[in-house]
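What follows is a single structure, written as structure tokens, with notes after it.
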Amino acid sequence: MNFGVIGYGYWGPNVVRNLTSLEDSQVLTIAEISAAARKRAQKAYPGINVTSDAAEVISSHDIDAIAVITPVWTHYELAKAALENGKHVFVEKPFTSNTAEGEELINLAERKNLTIMVDHTFLFTGAVKKISELLNEGTLGKLYYYDSTRVNLGLFQHDINVLWDLAPHDLSIMDYLLKASPEAIVATGQKHLNSHEDVAYMTLYFPEKVIAHINVNWLSPVKIRTTLLGGEKRMLLWNDLEADEKVKVYDKGVDVTNREGVYELLVNYRSGDMWAPQLEQVEALRQELSYFVDCISSGQQPINDGHAGLRVVKMLEAASESLSKKGSLVYL
Amino acid sequence: MNFGVIGYGYWGPNVVRNLTSLEDSQVLTIAEISAAARKRAQKAYPGINVTSDAAEVISSHDIDAIAVITPVWTHYELAKAALENGKHVFVEKPFTSNTAEGEELINLAERKNLTIMVDHTFLFTGAVKKISELLNEGTLGKLYYYDSTRVNLGLFQHDINVLWDLAPHDLSIMDYLLKASPEAIVATGQKHLNSHEDVAYMTLYFPEKVIAHINVNWLSPVKIRTTLLGGEKRMLLWNDLEADEKVKVYDKGVDVTNREGVYELLVNYRSGDMWAPQLEQVEALRQELSYFVDCISSGQQPINDGHAGLRVVKMLEAASESLSKKGSLVYL
Amino acid sequence: MNFGVIGYGYWGPNVVRNLTSLEDSQVLTIAEISAAARKRAQKAYPGINVTSDAAEVISSHDIDAIAVITPVWTHYELAKAALENGKHVFVEKPFTSNTAEGEELINLAERKNLTIMVDHTFLFTGAVKKISELLNEGTLGKLYYYDSTRVNLGLFQHDINVLWDLAPHDLSIMDYLLKASPEAIVATGQKHLNSHEDVAYMTLYFPEKVIAHINVNWLSPVKIRTTLLGGEKRMLLWNDLEADEKVKVYDKGVDVTNREGVYELLVNYRSGDMWAPQLEQVEALRQELSYFVDCISSGQQPINDGHAGLRVVKMLEAASESLSKKGSLVYL
Amino acid sequence: MNFGVIGYGYWGPNVVRNLTSLEDSQVLTIAEISAAARKRAQKAYPGINVTSDAAEVISSHDIDAIAVITPVWTHYELAKAALENGKHVFVEKPFTSNTAEGEELINLAERKNLTIMVDHTFLFTGAVKKISELLNEGTLGKLYYYDSTRVNLGLFQHDINVLWDLAPHDLSIMDYLLKASPEAIVATGQKHLNSHEDVAYMTLYFPEKVIAHINVNWLSPVKIRTTLLGGEKRMLLWNDLEADEKVKVYDKGVDVTNREGVYELLVNYRSGDMWAPQLEQVEALRQELSYFVDCISSGQQPINDGHAGLRVVKMLEAASESLSKKGSLVYL
């Protein structure tokens, strides 16, 4: 599989490193507008063609698939051109700037029989795989809530707010784990340093009383990556910053009984062992790119296809609308 | 100062223990409806009169002040009767079930020249005192946000939701530290086990772009008590569960410059030392009750007077309204 | 069971509180040399006789058992007098100042058919009970090492060094868990502030290649209470300062093979889940004192009898000898 | 500066990566006995000559300096040959297998006017630099103790025990920070899986009552990298596994007074703020190699020269002797 990569900024080098180390793939051309970044790319990969012109990648006859690792506002144009030229597309998250763009790309790919994969890297981590497995096995019982905190100092983006920057991680994970779509969204936040929100909060109402909440912040003195999942039978804490024991399953629960004629609730708290399952130790991006190559070869639809990317964009769009109204409920 | 105490459930024993150990105060009578709790009270304090009838406390001629340590829906009736009988009142948080009740109690106390203190215990902890000192000295610079997480397993209340149960701590601390009133509130949440929300989130919009957020949850497998304050000059993390180093001040910040003609923001991250100030080691409730005795003697208005209690009730009321509309913005 | 308590300093109040709350026991007399401490005792327990004269406790006809909660150098005289007067004895750890004293007390108690219990409180904690259970069930496999760190700032003792102050906890736990006696001991340490060591280290060689190590320190800025146990099949971490999850069992191990003709070792690391068993939530001292009452009634020999106390004293004696020679190997 | 590198196993690739990225240095040849490792080296660095024969590096006329990144038992032969061929030498720690070898290499280098640097990488970390600065400024006051724990699961070495594998880190740091030589050493330990100790403890007696202790273990379920330094004025905790706040300085101390005629010690505990200084964020190995190039150019003697390496070897030798006698005191 011959790859072209557009964008060699913060994340692009990781994509190139993994694509070049995979058995079945190689990178032919890297396109990047920054001269300094082009220089770094050329030094690291003397054998790869490095250009300032994305069109060179898009129009190349030797390239089968293109990785678009650029700011979100450029995704649509680049991915569209790539698809039109018959290339499979791996595109950085969030998929597109709005729903219309995402739908158009999906339709185009389907017409052309090409594969779109959106870079929802976290789906390929040992932690998310294990949590998915536990949920599928019913270990947690009926889910009550999903609550994530993703805060740190910076990196401020100049084209998007903190919600579009950090929440796609949580939304893509949540979309994968919950296998359900939110009915309505409330988002609040504030801008302190420029024209984009740097602190934001998002509540998502799912069917069957499942509630999700996301706390994202570019102005936190400490880095926090913590997700809580509460279920009827067990509860789970995922702390992605722990070196070991990232995922802890608590055999804890609450039973509430309303006995007839009894005024007070009968609440019974159950507390048992805690258990930290061994997680697969892999580089998620490597697995994801290898899976991309496999999907193209086999024609299999990726779990993180355009539709998955579009669902995340729809949630972000609804959140933006709510945020602009300081927290109004927006139905999806 | 002779005290009567109404309510000897979860928190009442702590109030009695501290009142009896203070130099200037003693407890004459404890009223409690549960026979089992009365028995415990009598065993622990053979010298105190224990009764099932609150009216016995309220009408006693020897009692100067009454501590009302009962469910919130009883506060108004009990405090009103106490004030009408010329007693000073120490009342558990939240002050009352609604604004009207709180206002009536404040007016009554003012007419009768009596002192109301609402049990905002946290204001008397070493941590909150130190944070207040740091804010007043300008150590953090202009404040950007206040973000608190207060979650644990239970204790489910049968008469109020998790917001009325846990958020009064945060709201009273925030009210004291920020010295400002929110302009609008958004609250979201969900009920899973009974007719009250067990998971809830609250955003408060303050003037000058200050935003506050509170995350409360009765269904968390782990106990979290973490508050982040972000300021222009420094940032602060308060983890109340740390044995030592509860408050950490980070010499971190972000400067954003928009240079004319330059497209990208110039963002400068500043990162210096962290500093954990030594905190006063005191039992907060003891200090608060001692301060209550002092305020009554001196006629001084407590920092946690009826007005402070009322401000918290107003925020809770607005939050309840927003919550019932699944997150609509409610102006105060 | 009627108790007399000698010593109402740091630990005595806890003993009295538990003895008075147990169903089957009451405290008749407390003897204490400090007038201030006697005043505190009398205020807290108006119904108990408080005296400055230990002989009053020892010679009382109504008293069945005596708790000796005094400095170690007084244990022998007080316990001997108590036993001679036909009283059962609960004595603070370490049991005695030397082996000879301990042996004499054991012989005396046996002749008189009286019970000696040494206050090895930790044996009655949920953590030690669970670890004992895991070892007995073979969960860890053959044990390799026991490594404990017990450091904090102070409290400096004026009559004993840090080894005699803090290590008895570890030695009594280890004696209980390992069910084996060390063959030889090496101890090192240093005095900085007075004539007793404030920093000390102790290695114990047990049969079958089991090694134990204890690190005790009165000059540490942070409090650490961590014990590691390594076994052939699993490994265990006990952090007594964790609120929850004090004991963690790691499904980790190492297999080393020496294949014939192959120079390098074949080392295979095994790494599986971590598991934090739910621990019994009890006040250890209450359980221990209740067990003392039971042992007296039933004539059962306590697990923490004089012999257990003597084994700890023997280890401390050997350690002292080694320490005085800056670390010479001392055989037991 | 033209480099040859002998050894491309675990650590060698890091040395090559840094040497190739430095401005003033390049790697001409890598010698490595494992064919698989040679293949990896050649793939990563197509422009570098890769050979199985160390002599090719040693005898090359174009090479100025040689990095010896091989097992300790090979250091002497390789470094000697390199020095005899007029090459400067960067050698992995520990410097040599014994004192005699180390002294011979130092003498040879001095005769030939060549530079030896021993890879004591930790001296170039932000943490050690800051601790050194604090000690030199007298922030901690007179030092009382240095206590390090360095434990994890594996990596088992087949030619040396855990003391020779892990303790050189601590010994080199301690040697640099304390600027003093130990007077005597006690070491204990045990072998469980093969013929080398996998658990070991080391006490070092320094002049002026300074005591040091090192706890190393290949059989720990958790990784610990914690060093405590206690001083008269302040105390310090260095936890190298913390992402931020690796070094914490505690304004804590103890004053002990022996007042004439007063039996009990007057102990006064002082407890103030904690402070985590901002540390330099650098790759230590890069700084060290850059410093090596500078030292060669300028003729400056490195802080981690052969003498520093030899002091560490002497301590290890004494520890080995003590260990073989199960803890006898060995004077240096």
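Labels A, B, C and D are assigned to the chains in the order they are written; within every chain, residues are numbered from 1.
Simple rule for what comes next: contacts are C-beta pairs under 8 Å (C-beta built on N, C-alpha and C of every residue); 3 or more make two chains touch, one makes a residue touch a chain.
Quick caveat: nothing in here was measured; it's all calculated off a predicted structure.
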Partner chains that chain C and chain D have in common: A, B
Pair exhibiting more inter-chain C-beta contacts, A-C or A-B: A-B
Maximum centroid distance from chain A, chain identifier (CA atoms): C
Chain A and chain B, separation of their C-alpha mean positions in angstrom: 38
Chain centre separation in whole Å, for chain C relative to chain A (CA means): 53
Shared-contact residues (touching 2 or more other chains) in chain B: 222, 244, 271
Of all residues in chain A, those that touch chain D in their complex: 46, 222-223, 241, 243-244
Contact footprint of chain D on chain C as seen in their complex: 144-145, 147, 149, 151, 153-156, 158, 184, 186, 188-194, 198-199, 201, 203, 205, 209-211, 213, 215, 217-222, 228, 230, 235-237, 248, 250, 252, 254, 256, 258, 263-265, 267, 269, 271, 322, 325-329
Contact footprint of chain A on chain C as seen in their complex: 244-245, 251, 271-278
